[in-house]
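In structure tokens below, several structures.
In the two assemblies presented below, chain A is common to both, partnered first by chain B and then by chain C.
Here is the complex of A and B:
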């Protein structure tokens, strides 16, 4: 068996990992499985596409791709702005929907609401952009050889970017006051409030980080596959599988889980066939629930 | 009045589909409304039932599993068994864990079932699905009004039997344990009722009812395909139950009627207002509207139109 699947699997896995970080944070701090998280990925990617087009039209100069990458500075700038916008979209959804449900105190109702929000957000993309596939870049890339594997410069850059983003987040969580507050709310929201932590602010920060990382995942995905309104929804099951495999609440665990799911999917595509890829996440999910429900890096509850 | 027959045929087909969704909704009400179990894979369990009955009752087809020509009643029974069994397996894997894990697992079931429907062509017929499924009263198919009315009466009587049976079940001691488990698991356990076992029973029975709905859909339309069982179905059934009032079987049926009506009326409206090339966008807007309706109901009227009624033992309050 060729080891080429390692390269493809790591890049896909990094994308899943970035999305899973948001899922795991929402789950541990707000205590519900957010079925709308996949839509943040799609919205992030479409926002990047829109902004990149707008910046390209405004600059009107020919924006050459950066170095060996397939994307120009306009896409890079657009991706940064879109990350902020997707973070704000997540905060807005919380203010409109989930915050009102938290007052009733029934977290499972939030799951239904997130499911409805997911359908509405996805259908809105279809209504605005139609379901015709679009692309972030039309450039063709020549693969380079790294230790016998074919990788494109884009793939290497994306893998690096994912590790940097998750590393930065982990530093934020362990080293800063904001991070300590987030972990405190995740442990015990009532106690956190008593010691003077602004819980509402922590919740906004959680949504912002989750949304921004989902957007980054969406841009990574958009460079590898066609951009369609269902792209995020199709990633939802791998996101959940990765978050649970890594251990709910663990940021490094989410990235690790994502890489494992991505590698397993790529291996399956090579061994069995691309049409069965979506079943891999389900099998991993069931295996984790049966064998180690706390996940690899999580604490048993 | 040659149109009259057409209206009867159209109306009976519409109401038949409403009642089939109503059956699925009753299954979800047993799982969520009574027991508090969150199923995001409704479409998967309905599909398992639909394909089980369709494959067992249809005539044999080259290169595809099944085709045993079983009677429709046996096919529907088998559908309830397979969907119930699938639900029991899923429940056994995830019910002992956090509530959200059941939601995630059932979502995975729906994704995987959809994958099998599309790709395992020798088992399921692939993207084209299964056609020529035997239909009740097939010899009368030449007369649409009579054919439609008879089928409607058939489904209506099945719904009536199911409704009465579920209503009795909900009021029985078994039903009261389900609500006890939903409201306070520890109290139920302290009274010697195993929450895990009652949850599993309710989840499996609800799944079997969904399987029956799937089987009936196949037999009444005569044709099933993977597209009939995507996440939009799960979403519609949830909206029906939440709007109608979860915990209330009558609410489940009312919700099925209202949401199906809204769905058809908005379908006619987008068909009339949008040019042919924008039809897909119109369909997407309908889903946005229903999603917003679901979110608004959850926030503003979490009990739905008909809330749960208090149902206690007939021995309560009796002095002896």
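Here is the complex of A and C:
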């Protein structure tokens, strides 16, 4: 049996994991499942594409691939800027929509609204960029051998990036005032206000982090598959499966859940058949809800 | 111009969760620095709503709240602690998933590093039990320790006024006595303490002055000694055992 699926699965899983972090944070702070989160992934990828093109046109030297990677400095710089922009997009969506609903509605209202927001965000991408697939990079990469597996330098870099981003976020959450405030608001927003936390600020920070990481996931995805306006929406079920598998509210759990879902999907494609791929996330989701509702790293409530 | 009086002053406060349906209907109270004022009243009198409105967590319809002469009526809840008014809610008053140390740190984010260290040292001295359990998740503390942690957390900002909503609820008499000993130490530091209590006997042991609310309005007020002699208070709270209980509480019993 070939273990090649491990390489593909880990990269896909890291992408899912980065997206799932945003889902898990939004859920634990704002108490609703945001179905528009996949659109932040698509928007992040398109924004990166747009900015990378602009930077490339302005400084054509930045187009040359970096070392063994398939992308140039223009894509890296664009991705950093796009992460900030996607974070701001998430804050803007909250200000326009979810914040207004929080004043009156319940979490079901917010979930339904997030469906609507997802459709609007996707339609906007189609209107601006059309649904014709585009690519972040068309460079061919020579795979290298790591312990019998063929991996591309891009894959290794992406995997490292995901671990660094999630590790940095975990440090922020456990070691900083901002992180403590986020955990406090997640547990008890009313008490958080009383102890002097500006809850509105914490909510903005949550959206920003979720949006920025979704953008990173979008760039990872855009390096592996075609860039289309539906790319993020297609990832939605795996995102939720990963967030729930890892335990809602747990950042390392979301990454772990993402890796498991990614590996399971890739393994299924290789061992059973590609037509089963879409079912895997769903099966994992149901199995977790039945067997361990708090998830792998979550706290039972 | 008259000098602003120190402490907490609430004038004609009207407040409630729903607009047009006030639960607190024109209450006025005063609590000076270094004074423990207790709010008593039957269930539904609006005692809890009153302290929540003062702390900014229940909307105020009219009236004013001033602290050391400064009007804080419209101040949002999250800026109260930094401005010197700390509140300990009755339930869910610690972050159970955070450690004891993090519960204290979270209240200190507006302080400088030096102030923070000084406050943590002060709290470790005032609450040595908590200092020993600083790494433990607050959810694993006993009820009494949680209440101590909630009070310690409120004191981190060196408040001018401390509001407590039924801190003795669910605690054993021994633990209540310990908690009230701490409140006396805090009072001695010049903090103005407003205490809502159902446990009248416990409250009477430490109150300097009392207010009795009924149906959202002031009913009676005055120093402990005067109120204990009041037949209405006796009828409302001390049952038939008026004379003996009052005498015990006043320390004038046989």
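Just so it is clear, the second predicted complex is superposed on the first by the 297 of 301 C-alpha atoms of A that agree within 3 Å, B and C clash if a C-alpha of one lies under 4 Å from a C-alpha of the other, contacts with A are read in each partner's own complex, and residues count from 1 in each chain.
Throughout what follows, contacts are C-beta pairs under 8 Å (C-beta built on N, C-alpha and C of every residue); 3 or more make two chains touch, one makes a residue touch a chain.
No experiment lies behind these values; they were computed from the predicted model shown.
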{"item": "First, second, both or neither for A:108, with chain B first and chain C second", "value": "first"}
{"item": "Contacts of A:196 with chain B and chain C, given as first, second, both or neither", "value": "second"}
{"item": "First (chain B), second (chain C), both or neither touched by A:183", "value": "second"}
{"item": "First (chain B), second (chain C), both or neither touched by A:126", "value": "first"}
{"item": "Which partner reaches more residues of chain A (counting touched residues only), chain B or chain C", "value": "B"}
{"item": "Which superposed partner A:279 touches (first chain B, second chain C, both, neither)", "value": "first"}
{"item": "Which superposed partner A:3 touches (first chain B, second chain C, both, neither)", "value": "neither"}
{"item": "Touching both chain B and chain C, residues of chain A", "value": "none"}
{"item": "Contact footprint of chain C on chain A as seen in their complex", "value": "177, 180-181, 183-184, 187-188, 190-199, 299"}
{"item": "Complex contact set, residues of chain C against chain A", "value": "55-57, 76-82, 87, 89, 92-98, 102, 105-107, 109-110, 153, 157"}
{"item": "Chain A residues within the chain B interface of the complex", "value": "27, 32-33, 35, 96-97, 100-101, 104, 106-109, 111-113, 115-124, 126-127, 130-131, 233, 236-237, 240-241, 244, 275-276, 278-279, 281-282, 285-286, 289-290, 293, 301"}
{"item": "Of chain B, residues touching chain A in the complex", "value": "36, 38, 40, 93-94, 97-101, 103-105, 107-109, 111-112, 115, 118-119, 231-232, 234-235, 238-239, 242, 280-281, 284-288, 290-292, 294-295, 298-299, 302"}
